[in-house]
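In the two assemblies presented below, subunit A is common to both, partnered first by subunit B and then by subunit C.
And then the complex of A and B:
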């Protein structure tokens, strides 16, 4: 029993971690504070705004270490434990530092059978990184994601919780990675509905950055 | 009236072929927001609910609950108590991508539907809960929503009436379970999204304890159409017992995947033909008709089956979200099930033991079989595990995990047995 207590099976988080940000950095600008209070006004209590505020904090700091969660808690007047609880529940909130580009490759079933795992393996090899980790250069994090709601244009991935890249092939990955390395923003791609293609000949949105059609999905070699 | 059989002449209504329909001015040129105007000036909330009941619309979020009936469950108005609508745009069911396309191409139809629903149930606010991954679509919708606010179609004194309704977009952060209605409410309240025990049902006690109704994106988008053309028109489209237009999200090994709008009750074989048939001329092996949670169908089970709640139930599956995944003859069903089990293990919120532990053991056992180290009796263990999980948890995620496991094993037993080692000792030894 005593052994058990001395060596807990479950590793608890460090109760007093080294902060990543100095207290000078840890504040919201007045502009950000305005945005936060606008969110707070949309809900009966300030609790509702916690998810939007965590998104804002993640955009600003890149990830959410305890001191940033404390900042959010103070700003909203909520207990730290509640903010910590929310931040750790959702996968899109990063609790540790990630690369400058986070690539979420969907490997859920539609993507699985149309090459999601091939794409994942290609990325692992190209960027010399294992899934779930950040590349040695610190620029790319490659992750496996659950269905991202674009199964018709599988295999696909999401970059930095933002734009989707559809119909992935190794060649397309090469171009995308190069674009990221040279700092070009990824476009918002609108996928043309098959019925629109037949009836209207084109995508119905004329303001999309880029347009693709749904296309015959490839065959996958790997399924895991 | 369009019956499913006349699909070739079907005219789309949820996504009509109009260029740039997502722009407010074009949507209004097409008669958009007229249904809302007429509802606000001519109809009482009871009339709206009556019309919804007449339409026979059943929820498109997966459970297929009659929408008019759901709306009538709201308690009488208490002026001191707020009431809320939630629009469920969390769409995380694997194989489902229809709501995203609707939000991309016809967001104002959704906004109009939300406002009609708010009027019918005397609500002043709707939270539109969009999954965090749809960040781009949130930005697109925010632009259009602010235009609707400027045009005074939403907000204070909307459309020159005394009404005041708000639409508030809430961004999730990546958790499948937030699609479950009580979990969605917890998430909106800024908590960990643990589903609640029902009763009390959301209509009695929802977000912040206030009466709440939750509807799917596609369900709400049907409301303006019903108000414009009447419940009788809607009830005449497609299958008799669950009528209306339906967005079919077709993915997998077909030549032309994508979101298609057709009446409910389409023959699965017709839909396969519409989607260009199987890729590379291969044969169909399996079909998941409505997202990962519904039982998979073997190719020989789909003849004459139509995409509506009744027909699919008879054939041993469910309509779910109508996100259809077609799989060809080369598909490894063990790998398929392994990935499905992984999904549920990852997405279980961990609140109930049968689900938290059960989904984990499911994944472990199927992984062992997939790696060639499973024993035949593992299959029975898995089926037993399904029995232990079903109906013993707070929400339906555990059931949704058990159904595909049970049915994939039962319907593709050979595939599994071939991968297992025969049990070399008696089970009770």
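And then the complex of A and C:
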């Protein structure tokens, strides 16, 4: 968003893009069709199922070029334009090809305050890729994201529209990238919600021991 | 009867009217952008906010609470409501910007937000002068701008389709165009993409906005975001005069306005008529305006000679030919001409002892869509049939003409060669008299006498659409020569009516040298010695509405601007 404020230009999408998938590839299996029709049945009209179906298509094809949106529209019996409008509204739907790992680094208020831009710059340097772009190896896409709703554990980022990585530090980034490159599961970090604190003996952070790089008081101020 | 109090005044209502429409119907102006009476209500422009209260009720008893004066206690909604989506209920009290500072401030603030990224290009914008955003910004908006940052730049002059251009910066995202394609024309070709400050309407990749009703989005766009490829930058709105008329591209007879500057028709826009076309007009009706301006004749011609022919000499030649051929002349009516013109042709044929054989049908099977486009590409086929002029069986009549059965032919406002009634060669030995509109008429080379006829934009007359609705037109542009009847019917706002040759808008080069057929034929009748010919179209229709049961009640007064529904022809036959 910061770039947009400096240079507020909205570009016209390519009106006639080259298709990425051949017509042989563009179809849903019968299993996928069953899942789609199950979603359609949950709603009075089929446009209720458009987001589910887009999600399914993104998992299947990796991203959502126009021909995939057309496929979704045909499958649901909706206007192609409507599906296109929904897909462009949400940044989580990828309209162009992304890397195998999409790293959405939050740079909104709380994360910015606690070093979100430092994390972003560190990632850019480490992966040799500019924000908004995909690394030459095609494995990593680094993006700026608006608030992802985890201010309590800022700075943070989201990986592939899924797991959150909290309390980021350069060391933690190194571990994460290592895990991604070697294909290991990402290290899991559990974050407690404030309403659970009483049950946890006022310990705000279940992973307090695991953190070595930077320490915050593990005890809430109420007990002091 | 239930009632509401709007700005301190009581109004009674029935049913469940929407507040905004109720106010508009009662002459209470409320600013709005996204609301359109024929489409769904998204309430997304937030411009029609009002303060709404209802009588407070006692929770236990359900009684309406009253204060010391016996007046009901009014409980207001905690926040302002959009009047478009609010359904009125009995006893509600509504404050608009006229009686509520809160509403006034809210409407002003909404406009300030809408204007933040709106470009200040009103001086070159086609919508300026009839732009709801411009008008409402003046009336309800803030005085200046407090926005000191760069405005967002969005794509400009994007050709959405062959007829519509988008300027995304001007868009205020009211979604009227998207709802039109979703709900009215059902093409679903437009959508709003992106979000927040980045959003604007567009077609998805690979799709062209080419549906046959696409240009309606230009009319309903409350800003200048959607403009016509054709009309873009052609004229300012205040330079043109608009005249109510009807379209003659098909048998629907959709109501329209003809916009004229310098005596040239520059565009055609829809005119509301709930009985015919509601608010809409197909693109084919709008794109025909050039035929009113281009390829128009220079004057009457006799033996292909225009320069040395006056109207008088051509009339004399026609009378000579009528007298010479008489019964052996083939009279052909026209579904393009008005009821009055065709009726006059009937009188002429009768005067020389001939008969009107019929009119040339222009039917394009499969062109119609059951809405505003019809298979019949003429405006007045029904009017001809009601006069007793049948559609011609083309192959049959082609054979008869080519066998040399007729010595002469009198054609009213049509093109027998182009429509396949006869070939140009078969007319070589015939004396052809033709009333015609455009010099592109393919029958012209074969004519003995060619008489330029006034088109729908220049004449007065009645057309009967396919469902039997009689509608009259008034002249939108001036023709050469003086015709008092036409001048009297000219719209009073016409600049060129009151202009003089010294005014900058005065341009006599665009006056077409033509005459309405209802003026030409009575002159011929008079020369033939026929008396008591009704003078002028109004008297003709008065006569027809009494004498011919198929036109019962179709006087000019009854037709007005909305037309009058005639009883169906089958009933006439049975009766």
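Here, the second predicted complex is superposed on the first by the 175 of 224 C-alpha atoms of A that agree within 3 Å, B and C clash if a C-alpha of one lies under 4 Å from a C-alpha of the other, contacts with A are read in each partner's own complex, and residues count from 1 in each chain.
Keep this in mind: contacts are C-beta pairs under 8 Å (C-beta built on N, C-alpha and C of every residue); 3 or more make two chains touch, one makes a residue touch a chain.
Model, not experiment: these values are computed from the prediction.
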First, second, both or neither for A:15, with subunit B first and subunit C second: second
Subunit B versus subunit C as contact partner of A:113, first or second or both or neither: first
Winner by number of subunit A residues touched, once subunit B and subunit C are compared: B
Subunit B versus subunit C as contact partner of A:182, first or second or both or neither: neither
Which of subunit B and subunit C A:66 touches, first, second, both or neither: second
First (subunit B), second (subunit C), both or neither touched by A:85: both
Partner chain(s) touched by A:29 [first = subunit B, second = subunit C, both, neither]: neither
Touching both subunit C and subunit B, counted on subunit A across the two superposed complexes: 78, 82, 85, 89
Residues of subunit A touching subunit C in the complex: 4-5, 7-17, 66, 69, 78-85, 88-89
Complex contact set, residues of subunit A against subunit B: 42-52, 54-55, 78, 82, 85-86, 89-93, 107-110, 112-114, 146-154, 158, 161-164, 188, 190-191, 193-196, 199-200, 204-207, 214-217, 219, 223-224
Subunit A-touching residues of subunit B, taken from the complex the two chains share: 12, 15, 17-22, 82, 91-97, 99-101, 104-105, 131-136, 140, 166, 168, 170-176, 187-193, 208, 249-261, 275-276, 279-280, 288, 292, 323, 325, 327, 330-332, 335-336, 338-340, 343, 346-347, 349, 370
Subunit A-touching residues of subunit C, taken from the complex the two chains share: 149-155, 158, 168, 178, 181-182, 188-195, 197-198, 200, 202-207
